[in-house]
Every structure is written in C-alpha cells, then in structure tokens.
Amino acid sequence: MALLGRRRPVAPLEYTRKTWMRLWIAGVMLFLYAPLIVLMVFSFNDSKRNVVWKGFTLKYYEKALNNEGLIEALVNSLTIAALATVFSVILGAMAGLMLWRFRFPFKGSVEGALSLPIIVPEICMGVAMLIFFAKIDWPVGLPWPLNLSAITIAHITFCFPFVALVVRSRMASFNREQEEAAKDLGAGEWQTFRDVLLPHMKPGLVAGALLAFTLSLDDFVITFFTSGPDTVTFPVKVYSMVRFSVTPEVNAASTILIILTIALTALALKLQGVKAIADAH
Amino acid sequence: MTVIRSNSSNLRMGRRSLLQSLGAAAVGISFAGLAGCGKKEESAGGGKIAPTGEEPKLNFYNWDTYIGETTLGDFKGASGIDVNMTLFASNDELFAKLRAGNPGYDVIVPSNDFVERMVAADMLVALDQAAIPNVKNIDASFMDVAYDPGRKYSMPYTWLTLGIGYRKSKVKAKPDSWKVLFDSDEYKGRIAVLSEAGDMFRLYGKYLGKSVNSLTPADVKSIEAMMVKQKPFIKAFHEDNGQDLLLKGEVDLVLEYNGDIAQIMAEDDDIDFVLPKEGSQLNSDTLCIPKGAPHPKNAHAFINYLLDAEVDKKITETILYPTPNAAAKALMPDDYKNNPVIFPPADQLAKCEYATYRPDMQPLYEEAFTRVRAS
Amino acid sequence: MSLENWQEHKRPFAAIAGAPLTWLLVFFLVPMAIVWLYSFGQNAGPADIAITGTLDNYKRATEWLYLSIFFKSLAVAALVTLICLIVGFPVAMAITFASDKWRPWLLLGVMLPFWTNLLIRTYALMMVLGGNGYANKALGALWGGASWLRTLVGLQLLDAWSPVQLLYNNFAVVLGLVYVHLPFMVLPLYSALDRLDRSLIEASLDLGAGHLRTLWTIVMPLAAPGIFAGIMITLIPALGAYLTPDLMGGTESQMIANVIERQFKRANDWPFGAALSFLLIYAMFILIALQSLRGRKPAEA
C-alpha cells in the first residue's frame, strides 16, 4: 500500500505526503529524539558519569536489571499509572459530559473547581495531600498493591480534570441531532450513550488516557509527598539517584523502558491489524 | 584514589568482629538470652523476629551513593534484619516529608542544622546510648557538638566542608579566597555557586570576616548588594551538582563540598579543590531515629553497626567522604588519610564553623536571595 | 447549542455528576482547604502553624518583588505556549490526515519521549545543549563547512568557531519547557482536528482557497475548542514548572514556581508558600473567567 502509494499524485488532504510537512515532522522528531538517542548511547558508556565517552560496556544494564529497588519502583509506577488512567478516564469522561450537556446551578463554580487541580502548583497540592493523608490517618504499611492507594488517589485527582477538559472539547463538535434521531428510533438513554455518544467521544478518550498515563507516570512532586518507605515510584527513585548526576544505570533502565514500550505498541498494532484484516473477510 | 580497595583477609576478620559488636548491641537493647547465640533469628521463633525482639525489618532513609556496596547485605547476614533503603535528595525534602508525621522511616540522615531543627520540632527520638557501644569509635572532637550536645539525638556519619573546586589549567593562580567567586570579575562567566540561600549568605559572611552564625539583618542587606553586583559574572546557581558542571567544562570554578570534588578528582587530573583562606562552613550528616519509627530497636542496632570500624571503613571506601569515625579512619590507606581535599589541614579547619539553625534569619536569607535572582 | 436543564433529567445527571464531584470534593477540595487555611496563618514553630487569620502572607505575596516574578513567569509561559502551538499544529494535522497505518505510530512518536522520566529527559537535553554538547558540535561543523566553502570562492576563512551559549539562560528555559510541554499541546489539537468535517476543507480547496487560507478561515475556527484546551493544558503547567528553570536556567531564570517551591522546602514557610500558591490560583481563575465570558457571547449570539 505504502509502496504503491508513492506513485500516486498527492491528494489535497494528504498532508503527510507533502514535503514541507514531512520536513516539519522530521524536525520535530529530531528535536524530540536527539536527547533520547544521546541518553541511549550513554547507557553503554563505561564511566560513572554521563559526561565523557570512556568506552563501551553493558555492565550498567546488568546493574539496572539487578537493582531490585529500581525494578520495584518501575512496577509501582506502571501499576499506579494504569490504575490512575482507568479511573481518570471514567471520572473525566463523566465530568466532561456533565459540563457539556447540562445546565445546573453553580455551574461556573463547579467548572472552576474542576480546573483547580490543573492550576494548583504541584508542590502546593503535594503538601495538601501530605497533610490530608496524615490527618485522616490513612493506613500505611498495607500489603502491595493496597499500599499504593494514597498515591493512586492523588494521581487520579490531578489526572481526571485533564481528561474532562479534552473530552469536553471533543464533545463540542457533537451533532445533537444524531442523538435525537437515535432516541426517535426508540433507543434508550444508555443505548444512545453507548452507540452514538461513545463512538464520537473515543478520540477524546484516547487522548485523555494518553495524557493521564503520561502525567501519572512522570509525576514526581505529588508522589514524593504521598509515598512512604515501601511505595517508591520510578520518578521518586530517579530523582533521589541523580543528586550526584544521572548515572548510566538510570540511562540503561530508561532505554529498556523505551524499547519495551515500542515493542509492546508494535505488537498491539500488529495484533490489531491482523484482527482488522480478519474482520474484513 | 583508585588505590582504595579492601583486601579480603581483613574482611573476614571484620565480619566476625561485627557479629560480636552486634551481639553487644543486642544485649544492650533486648534480653540477654537472645544475644549470645549465632543464628539469632531462628532461635527467636520461625525467622520472624530479629534479635532485637522486633520484626526483622528496617526502613532506612538515606542520601544516594551514601552507603557501602555490601553494607546492607552484610547487616542482614549479621542480624537477620532486612534493610529497605529509600533515598531523599535534600534536607528540605526530608524535613517537609516528616513534618506532618512519620510515614514509617526508622533511620534518617539529616545534616547538623536539621538535627537542631528537628529537635526543636520534637521530631527525633532520644538515642539509647547503651545500645550504641560503637560510639567509642567516634573521634572525640565530634562528640560534644553545639548542634547536639552530648549526642543525645544524633550519631555522626560523615562530615564535609564547602570550598572551591577548580580546573587547574584554567586559573592563573590557586583561587584560595572567596573573592574569586563573590567579589571579582576575574573569572567572569566561568563560575557557578550554590543555589541555597542560607549557605550563600553565611559564606559571604565568612568572606567579610564574620562568623557564619553572627549575621544580622544589616549584614544581609549589604551582602545582598554584593550579590547583585556579582550576579552578572556568575553562570549558574547550581543545585548541588556543581561537580558535574566542573567536569563537563561548563564552568572553571565552582562552590562545592569537598567530598563531591574528591569524587571527580579521581576521574579528571586537571581538577583540584581549595579551602579558602577566610575559612568556611562545616556540615555533618548524622544518623537519627525519627519519632514514630516502627522499629526503634532495630534502628539502634543498625546505627551501632554503621559505627563499627570495619563497616565504616568499607562505607568510606565507597563514598570517599571524610569520616568522623577515628577507628575506621585508622584502617584506611594513607592516600585517603593524607588527602588534603578530604582532610584539609588542621589550621585551615580551625577557621571553619558549623552553621546553627536560626529560625529568625532563614526567611531573611530566602527573601534577599529571591531579590538577588529577580534583580 | 442548548444545554439541558438538570432538573428535567435528574437521573442521567446524577449518574454522571455524582462520582466526579464527590471525588473532587473529598480528595481535592478538602485537602486544598487545609492549605488555604494555612495561608492565613503563621509559623508557630519549625513544624507548627497557627492559623491566626492574618493577611500578612498575602500582603507579602503582593509585594512588587513577587508580582514582577509572576509577570515574568507568565510571559515565559505564554511564549512557550505560543511556540508549542506553532510547532505542534502541523504535527497534529499530520497525525489527523495520516493513513490508518501511520497514525498510531505518529501519535506514539510524539508521546514516547514523555514516558521517559522528566528529569532524565532534562539532563539528556542538557547534554545536547551544553557548551561541549552535540548541538554546539553540529553548529561548529556547519561553521567549519561554511568557512571551507568561502575559501573555494577565494574569500578569507571565517574566525574560529566559539561555542554558542545554549544553556543557563532564558533561551534554555524556554526551549526546555517547549520540549517538555509539546505533547500536551499536540494531543488536544489532534482530538479536535480529528473530528473536522473533511468535506469542508476539500470544498474550500476546490473553491480555490490556498492551504494557508483554508487553514486560517476553516480549520482554525473549527478547531478552536481544541486549541483552547491545548493552550490551557500547556500554559498552566508551564507556569508551574520549576525543575526546568532550576536545572537549565541561568542566574536570572527564576520563575514563580521556583519561589513557591522554596517556601515549602528550604524556607520552611508553608503559610507564605500557601498564600503565593493561592494568589496564582486566583489569577488563573480570573483568566479563565474572562475567557469563558468572551467565549459565551458569540455562542449565544
């Protein structure tokens, strides 16, 4: 398909096949990836510091993979991010729909309150969470994964308003007549939601989920204030490890993470592609 | 510095003496019956109880790269206690995190002024001296310190001093005065200083011939003016990563701790460290037990273990910081003991002071420094 | 578009409003209320705060020193947002109009760097930008090439290359913030552009309008909600960024979030930190309120 496509003339909307667009994308990708490539290259550097190239080694991979603390932190981070994403998408979609659809008293205040978690400086929210969980005596020392509950709650809190924002802006384009048509044809509230609203919302949900996952996976400040001795996440671990500069060990762990992500996505796309072809037949 | 390597013959010796000292610690804290036997954990019931009578767990909150490579494993072998070490990056974070309540840490490593602050906030447990017999190894000069008289709450772990790290080939003369950093355009655009307001003001005070602890609001005003004047010549206020800037060649002179510079001197021959002639500020990182620690007895046993001569020798070999442990220092090779960067000459050290915790001055430092940065 | 009155649809309203509002109240508004109370208090000891109802913290926070830092931060964040919009818009367009095969890869391509830890990424960027970094080496090589070309046409050699200062100044802070916040702009733009009616664009092009004009008159207005969401999601976190200015900034690159962070940590002055935070929040609220007022009028017209 791609091979054949090269010979066709460029259609007006095929922006991805225009040279200036391709150059632009290439430039952005270079900007985004140059630092990452440097990071990956230096994960093979035989020096404690990421400063000068001293020779090739794989020992930092060995070290990273044997660093139980780092692996544990990574598992914690992924668990929290996954949980936070699921809950944020649900809560965020609900909030987005509510704001898009209904007129209700104090709507302005509710809207403001919902955008607060986006606005509040991270450190302020971190401290608020620290005090909150200390004041209500949130149980600590629970078995995994219950001990991650405080961090997960905090993450959902700052992630779901982002989802709500995206979902709402997506819904703005929804043609209400479709919904009414569905209802006229006898579909119930739930059926209309499932078959008409949800498909329209989907790109917003995907974008929201990606945002939530990214925010949760990368959050340091709020996590720092809600974590305990047994609940260290990857960013918290890394942050404390780089006091004396980033070691190749951290680079190695990041490289593994990047490659893993690409591999998993490729696999998912491949499976989906096979399925799509199967469905078509 | 690469010469520092332990030889395995006295390693074995060390392990045994550790066991003994640990046994002694256990006598101090728990019932005498548990202490004598070798496999304590089993004798105490199904491997669930440490010789201290607590569950065999300990949460250690430490700085990164601040422990020997095998120390925690050795401790587990000796005592059966599993140490879970997590890391913090600055005293401020440590304090901010513990101030609303202890989420479960047993041993923490605050610096001297934060020991004072935490004692003032009633956040530390008074140590049971009898449970820490290895305190005998500590150099006498570190025992009765102003920030913790009689060592009631803290045991010294390392000490360090601020000075100037520099690239030898890029300076005309040895930069042995704070003047080059604080009051001169000689190395314009090639210097980096700390971003911590308190340290900066105290060191300026030192440059002006005052004690680090006697600054007045009027001094803060005049120092602020000096800082504003010096700011155009400074490349960056670094977050305690000055050694990186120096190693990368981003700057040629940097205000840093001696231990940090000693670490990079092993990698680059062109780097040196000088303690300015006006004197400087001393810091000491200490072992403390925060209030609400779930395993205080294990914590005592662990602190005692870290103060053992052989154990601290191995830690020191890794982290290359000055140790206050006289017995451990005696075991170290000469190129550590006689390293003028790690152990500056006594006459220079005499001019250095510990900063005390001054709740009245800290906000002034902060606000003045914010003004300097905004100017 | 007319909104439904909640009273006429109580059950669906309760079904979707209950959970998010309860969550927000319990896990956000209550904790924030405690900090809000702190902003009217003062330190009563190293770890105690007495809530005295004082307004001193707000008085201090509205001094020119802090206001000027705030305005400077706002300017930096606005610039970052603008650059993100300019850089990100074509990327979002490309993702939207890419083939089904390529779309997930482009989306992933934009997101992937952001699944690497922020701090690690920032350090990596610093390695590229440093005085002896790769950006400077590449520029140096270009300079050397240009110099060599000049000799070919008989001109003199250029002066020796001296590294450009790409780190430890405001430029580095802006660049670093753009690097960090770009996907936050691309994602909402993509989700807004994705639903555009393509026939509109095709019609515009068929009628002889150029691509730029079509973009300006058709695409932009239709994508406005997405652009607004993107601006919100980029501007506000950029205003709250402290790590990038800390690590990449020079002596003058202090942003309001750095000041706030120091109050909660080094200065140990939580009441003042709280007051500064809430001033920032009030300011944002006013901004959003103004925006929604402006947005409401044309919609009702």
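Should a chain be cited, it is by its letter among A, B and C, assigned in written order, with residues numbered from 1 in that chain.
Everything that follows uses one rule, which is that a contact is a pair of C-beta atoms (placed from the backbone, for glycine too) under 8 Å apart; a residue touches a chain by one contact, two chains touch by 3 or more.
Just so we're on the same page, UniProt names per chain: A, C = Spermidine/putrescine transport system permease protein; B = Putrescine-binding periplasmic protein.
Bear in mind that the values here come from a model prediction, so they are computed numbers and not experimental data.
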**Request:** Would you mind checking the shortest number of contact hops between chain A and chain B?
**Result:** 1
**Request:** Between A-C and B-C, name the chain pair that shares the greater number of C-beta pairs in contact.
**Result:** A-C
**Complete:** Cα centroid separation, chain B vs chain C, in Å, comes to 38
**Item:** Separation of mean Cα positions, chain C and chain A [Å, integer]
**Value:** 16
**Message:** Show the residues in chain B shared as contacts by 2 or more other chains, in ascending order.
**Reply:** 90, 93, 96, 248
**Sites on chain A at which at least two other chains make contact** = 127, 131, 135, 239, 242, 245
**Item:** For chain C, residues contacting two or more additional chains
**Value:** 264-265
**Asked** Tell me, which parts of chain C touch chain A in their complex?
**Response** 1, 3-6, 9, 12-13, 16-17, 19-21, 23-24, 27-32, 34-35, 87, 90-91, 93-94, 97-99, 101-102, 104-121, 123-125, 127-128, 134, 179, 182-184, 187-188, 190-192, 194-195, 198, 201-202, 205, 222, 225-226, 228-229, 232-233, 236-237, 240, 242-243, 257, 260-261, 264-265, 270, 273-274, 277, 280-281, 284-285, 288-289, 292
**chain B partner contacts - residues on chain C that touch it in the complex** = 43, 45-48, 65-66, 68-69, 72, 130-132, 167-168, 246-247, 249-252, 254, 259, 262-269
**Item:** Touch list for chain B against partner chain C, complex
**Value:** 90, 92-93, 95-96, 99, 117-118, 120-123, 195-198, 231-232, 234-237, 239, 248-250, 359, 362-363, 366-367, 370-371, 373-374
**Fill in**
Within their complex, chain B touches chain A through residues 59, 61, 63-65, 84-90, 93, 96-97, 100-101, 103-105, 240-241, 243-244, 247-248, 260, 263-264, 267, 294
**Complete:** Given the complex, residues on chain A that touch chain B span 47-49, 51-52, 69, 127, 130-131, 134-135, 140-141, 224-225, 227-230, 232, 237, 239-245
